[in-house]
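Right after this note come the structures.
Paired with chain B in one complex and with chain C in the other, chain A is shared by the two complexes that follow.
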Partner chain A sequence: MSYVAIKGGTQAIHASKKLFRDLIHEAKGITDGELQQGLLFACDRIMSEGALYSEKLAAEALRRAGGDLLEAAFYLRAHRSTCKRIGVAELQNSNSMQVLRRISSAFKDVEGGQILGPSCDYVIRLFQTHVQDDEEFSPQENSLANSTPSAMESLRRNDQIFTLDNHEKKPYDVSRSFPLPPYPRSALMQVMSRGETGAMLAFAYTSMRGYGDVHPTIGDLRIGYLALEFTHPFTGKKVKIGEIRATACESIGSFNRDPRDGNLRLSTGFGFCFGFNETKAITMSILDMTMHHSGYSVGGVDIASNPEIVIHHIDGIESMGFANHFKLPHYVTFQADLQVLDTAVKEGRNE
Partner chain B sequence: MNREDLIFFLQQVDVQELSLLAEKVGESGDIQIIQQPATETLMVPVNDPVNNGSFFAGEALVSSAVVQVNKVNGWAMVLDDKADFALNIAILDGAYGAGVEQDSIRRLAAQGKENHRQQKSKREKKVGSTKVSFDLM
Partner chain C sequence: MNSSTFAFLDEDAKKEIRRSLLKAVAIPGYIVPFASREMPVARGWGTGGLQITLSIIVESDTLKVIDQGCDGSVNAVNIRDFITSVTGVESSNETSAATLIQTRHRIPEEKLKDNQILVYQVPYPEVLTTVEPDTAKQKQMHGDGDYSKLWVLLYEDTSQYGDSRISNRYPVLVNKHYVMDPSPIPKYDIPVMNNNSALQLFGAGREKRIYAIPPYTDVRPLKFDDREFKVENFSGIACERCGATDVFFDEVRRGNKSSFFCSDTAFCDAQLEKNNAA
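For the complex of A and B:
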C-alpha cells in the first residue's frame, strides 16, 4: 500500500472542517428551491453523476460542497448506498417523454415537430447586456403533440437501422457487482449513464477529432419529463409516483454490413441520463457507437472504442477519489523512495 | 377517479391540505401506521433502442409509508425525500379504500389534477412557442 495510518490532529481537523464551512457559507440565504431552479443544470449533473434522482438532496449536496459538482455527486452516491432499495420502477421509454425540447439534425420535418425548447444554444456569450436584449417579439401559439416518437422511427420502419443482438435476459447492475470483460452492453450503458460529463466528453472528442472515426448526425435529441411508475402493493396496479427530468439522444453513424443478413444498415448509438444534460447524452451516444461498431476504430488503437478504457475511466467519483487520495500522508512510503534514491546515488558514484 | 390516480394528483396540492384531510379521516376512522415514512430507492430501467434491451440509468429516491384505515391497507410512494407527503397520502389512500371521506379525497385529488393540468398547459404554451420549421436555402 502506498499510504500508512496516522493518528492525532483531531482538533486541527475539526477546525479545518469549520473553516471550510465558513469559507463557503453553505450558500446561506439561498433556499433549496432557488438552488434547484437557478442552478438547475448543476443539480441535474449531480443527480446524474451521483446516480440518484433527488432534487432535494442535489440542492443540499451543492450547498454542502460549495458548488463543487464532483464533491456534490459524491454526497448523492454515498447517500444512495445507505438507502434500502425497494424495487425496480416501470421501464422508461424516451419515446413517451413529455418533451420540452426536441430536435433532429437528420430530418427537417419530423412527427411532433422540431421544438427548440429552453436552450442557451442561441445565446451570445458576452456579458454586455445590450447584446443579450432580445428584440420585441410575439410568441406564436403552436400546439404540441401528445406523444413525440423518435425521429429515427421512420428509419426503423424502413429497416435501415442496424439492431444489435440482445443476449441479456435482464439488465446488469454495476452498483451491486462490477462485471468482467467482455462487458455486457447494459453494464456499459449504466456506467455511461452515471459517468462524469467532462470525462465522457473528452473520450468522445478523441474520436470526433481523429483518434477514431465518428462524425455522427443527431437523429433525435430531447429533454423533458418521464413518468416514474411503480406497482401499488395492495391493488397490484401501476401508479404514477412522480415525474423525472431526463435527456435522451439517438445519433446516427455511417452504414455497416449487418452480419445477420449481409444487408447494409446505419449504425446508431444511444445516450440517456437523469436531468437536462445534452452534452452528456450526445457523448454517450457517440461512445456507445464507437464501442459497438469496430468500423469507427482507426487502426484498432483509439481509446474511445475500447470498452476497457471507457468503463474504468469515466466515473467521476472513482477518479476523483483516486486523484485526491494522493493528498493523504504518504510519509513512510516517501521515506522509502528517498532511501532508494540515496542508494541509487551511492551506487552510481561507486560505478 | 381511480385509487391509483390519487397518489400523483394528491402530490399536486399543498401538504397542509393533505394533513387537514388526513386529520379528518382520523376523526371518523381508525388509523394505524404500519410503516412510518422512510426514504428508499427505486432502480430506474431505460429502454435501449439500439438492441431493444434495457439498462439502469440510476436510482430514484422515494418516500413511502404504509397505514391501515379501519383495517384497510393504505400505501403511498412519492418521489424524493418527502415524508409528510408519503404519510398523509398513504392515509388518504387507505381511507379511500375503506370508504372513509371518499368525496373529500376525490375533491382534493381533482383539485390536484387541475393544478397539474394548469401547470402543464402553461408549460406547453411556452414550449409550443419554440416550435420551428426551418426553410432550406
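For the complex of A and C:
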C-alpha cells in the first residue's frame, strides 16, 4: 500500500546509489595521473577543502563525486576521521618555499625577483586559441628558487608593519577541539585554510566592495613546494619525508596608529592553503586582515570583519551538508507547523 | 566496509567525545563544545548523533535507528546500515529490544527503560539562536540565567497568535537551571522527556556541540504560569492501519481526504500484531 511507498527504505537506497553510479560512470576511462595533472586545480581544491593532502585520494574522490568538488572534498574529510594522528610535522615558514611563481604588486622590483611563472592571468579566454604564438617561446628551464624572502621584508626592517600580539603559546587545533569566543587567530586561520573557496571569495568580496573597507595591496603571493619534515622517532633528527604544493599570500592594508607606541604602521593579513589556489589565499589574507584590524571597517553592516560570521559559515562541507539535509523528510515538524498555523488562524477569527 | 577500528572513529576521537559526554551528563542541559569529526554522511544528516552512537556503542548493544519515528525511512536505513557495518552489532526495530536508539525528530511511543540510551540528532543545539545569534553573548546569557529574550518572544507570540508559534524545538528548562533546545521533536514529545528513565544524549555535528539529560531529570517546557502547554491535537483520530489512538500521527493527504497513520512505525507494527493475535 501507499503507506509503505512513502517511507522509501532499503531497496530504494540501493537503487538510487546504483542509478547515480550509472549516471556518472565514475569517470572510469580517466586515470589518476590524468586527473591529477589535467585537473590539477580541481584536485588541489579538493585537498585544501578536504583538509587532507593526498593526491591519490583526491583523484579518486573527484572520480566518485562525478566532478562535484564539494562532494569530493567531503570524501577526504570523511576519510580523515578514520586516520590516527601519528604526529605533528615541523613548522614551515612560507619563505622557505621552493617557489614556482612569486609576485608582489607592492614593489616593482623585489629581492628574489618577480617570478611570473605558470599562470592563467594573461590568457585571453577565447575558444579560438592562439597556441602558435606561445609555442614560439621557450621559457627558461624552470629552476626553482629556494628560500625567497617575503617581498614585505623591507617594510618589516623599517618597522612599518603592525605586528599583532601573539597570546597563543601553541597553535589551536580545530580538528581536536572547537574554540569558544574570543576565537584564537590560529583557530580562525585553520578554519579558513580548510574553508570553501567560493565562500572565502564571497565574504572577502563584501569587504572589498563596500561592506567593510579592505582594499589590499598584494605584498607577496607565491605558489610552490614546501618540505614536509618530521622528527625521526628513533634518531630524533629532522628528516624530510616529502613535499606539498602550497599557496601563500601576504597582503597589505591601510595604516593606523599603533596603540603600543603611537607610531603609524601598516596592517597586514595572511592567507595559506594546500595546493595551488591563488583566489583562496588572497581572499583568506583579506579576511584575516579585516578580522584583526576591524578598526578600519566603515559602514554599518560589515560581515567579513566578524569572526563569529567567518568561523561558522566558511566551511563548505558543513554548509553543503546542511543545505542538502532539507531533502530529508520533515513530516513530523511540518505536521507540528500546520497545527500551530491552524491555532493561529482560529485565534485570528476570534478577534 | 573497510574500517580498521571498531565503530569507524579512531580511538582518540571516541575518547574525546566520551569526555564531552561525561561533562554534559554532569551538567544537565549545558552545551559542551567538541571537535566533531567529519562522518561519511553529510553534515545535517545526523553526524552529531552518529558520533555519539559510535563513541558509546559496544558489541553487546542492540541498535535501533529511527527518522520521523520510522525505522524504514531512507536516512534511518542508511545510518543503521553504516553503524552495523562498522560495528557488527545487532539491530532491531523493536523499541523494547534496543539498548541504544538513535533518533531524528521523534521519541518512541513505547515507554523507555533505564537500561536504554536515546541519542538525538540535533541541527540547532543553541536554544538562544533565534533571539541571539552571537555565541559569546549566548554563553553569557546562559551563565546569567538570562532567558528574558525567550520570554519576550513567548509573550509576543501569545499576544498576537494566542500561543507560541514554536511548533517544534520547543525550549525546555532542564533540572530547573539551563534552558535547552530539545531538537526538532514535536511538542507532543516534550512531556515524555520529563523524568524519563532513559539517558538522553544530544549531538550536533555541524555546530560541534554535545548536551545531555540524565535519567529521571526534571524537564519542563518554557511557559507562563497561567497558560497551558498545548501539544499537537489529534483528538478523534485513530490510525488507519492499527487503530491506535493517543499517539503522534503522520497525515497522508490524498485529494481532499486525509488519512492518519502512527508516526512510530514499530509501535504500529506491534499494535497490529496484538490486534491479529486477539
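The definition used in the following text is that the second predicted complex is superposed on the first by the 316 of 351 C-alpha atoms of A that agree within 3 Å, B and C clash if a C-alpha of one lies under 4 Å from a C-alpha of the other, contacts with A are read in each partner's own complex, and residues count from 1 in each chain.
Convention: a residue touches a chain if its C-beta (ideal position, glycine included) is under 8 Å from a C-beta of that chain, and two chains touch if they have at least 3 such contacts.
Since we're looking at a predicted model, the values are computed, not measured.
A.B. asks: For A:86, select first, second, both or neither according to whether it touches chain B, chain C, the two together, or no partner.
C.D. replies: first
A.B. asks: Examine A:171 and indicate which partner it touches, taking first as chain B and second as chain C; both and neither are also allowed.
C.D. replies: Only chain B is touched by A:171; chain C is not.
A.B. asks: Kindly classify A:113 by the partners it touches after superposition: chain B alone (first), chain C alone (second), both, or neither?
C.D. replies: It touches chain B, and chain C stays clear.
A.B. asks: Just to be sure I read the superposition right, which of the two partners does A:269 touch: chain B = first, chain C = second, or both, or neither?
C.D. replies: In the superposition, A:269 touches chain B alone.
A.B. asks: Looking only at contacts as defined up top, I'd like to know whether chain B or chain C touches more of chain A.
C.D. replies: The larger set of chain A residues in touch belongs to B.
A.B. asks: Of the partners chain B and chain C, which touch A:28 in the superposed model: first, second, both, neither?
C.D. replies: A:28: touches no partner chain.
A.B. asks: One more residue to check, A:242. First (chain B), second (chain C), both or neither?
C.D. replies: A:242 contacts chain B only, not chain C.
A.B. asks: Taking the superposition as given, does A:340 touch the first partner, chain B, the second, chain C, both, or neither?
C.D. replies: It touches chain C, and chain B stays clear.
A.B. asks: Once the complexes are superposed, what residues of chain A are shared between the chain B interface and the chain C interface?
C.D. replies: In chain A, residues 80, 83-85, 175 are touched by chain B and also by chain C.
A.B. asks: Mind listing the chain A positions that touch chain C in their complex?
C.D. replies: Result: residues 2-4, 6-10, 12-13, 74, 77-78, 80-85, 174-182, 308, 312, 317-325, 328-333, 335-340, 343-344, 346-348, 350 of chain A touch chain C.
A.B. asks: Would you tell me which residues of chain B are touching chain A in their complex?
C.D. replies: Of all residues in chain B, those touching chain A are 2-5, 7-8, 11, 38-62, 64, 66, 73-75, 77-82, 97, 120, 123-134, 136.
A.B. asks: Would you pull the chain A residues touching chain B in the complex into a rising list?
C.D. replies: Listed in rising order, the residues are 47-48, 50-57, 79-80, 83-89, 91-95, 98-101, 108-109, 113-118, 139-144, 150, 152, 163-166, 168, 171-173, 175, 185-187, 189-190, 193-194, 228, 230, 232-235, 237-244, 246, 250, 268-270, 272-274, 288, 292.
A.B. asks: Where on chain C does chain A make contact in their complex?
C.D. replies: 3-5, 8-13, 16, 33-40, 42-45, 47, 67-70, 72-75, 77-78, 81, 104-106, 123, 133-136, 139, 161-168, 184-188, 206, 208, 230, 232-233, 241, 248-252, 254, 261, 263, 265
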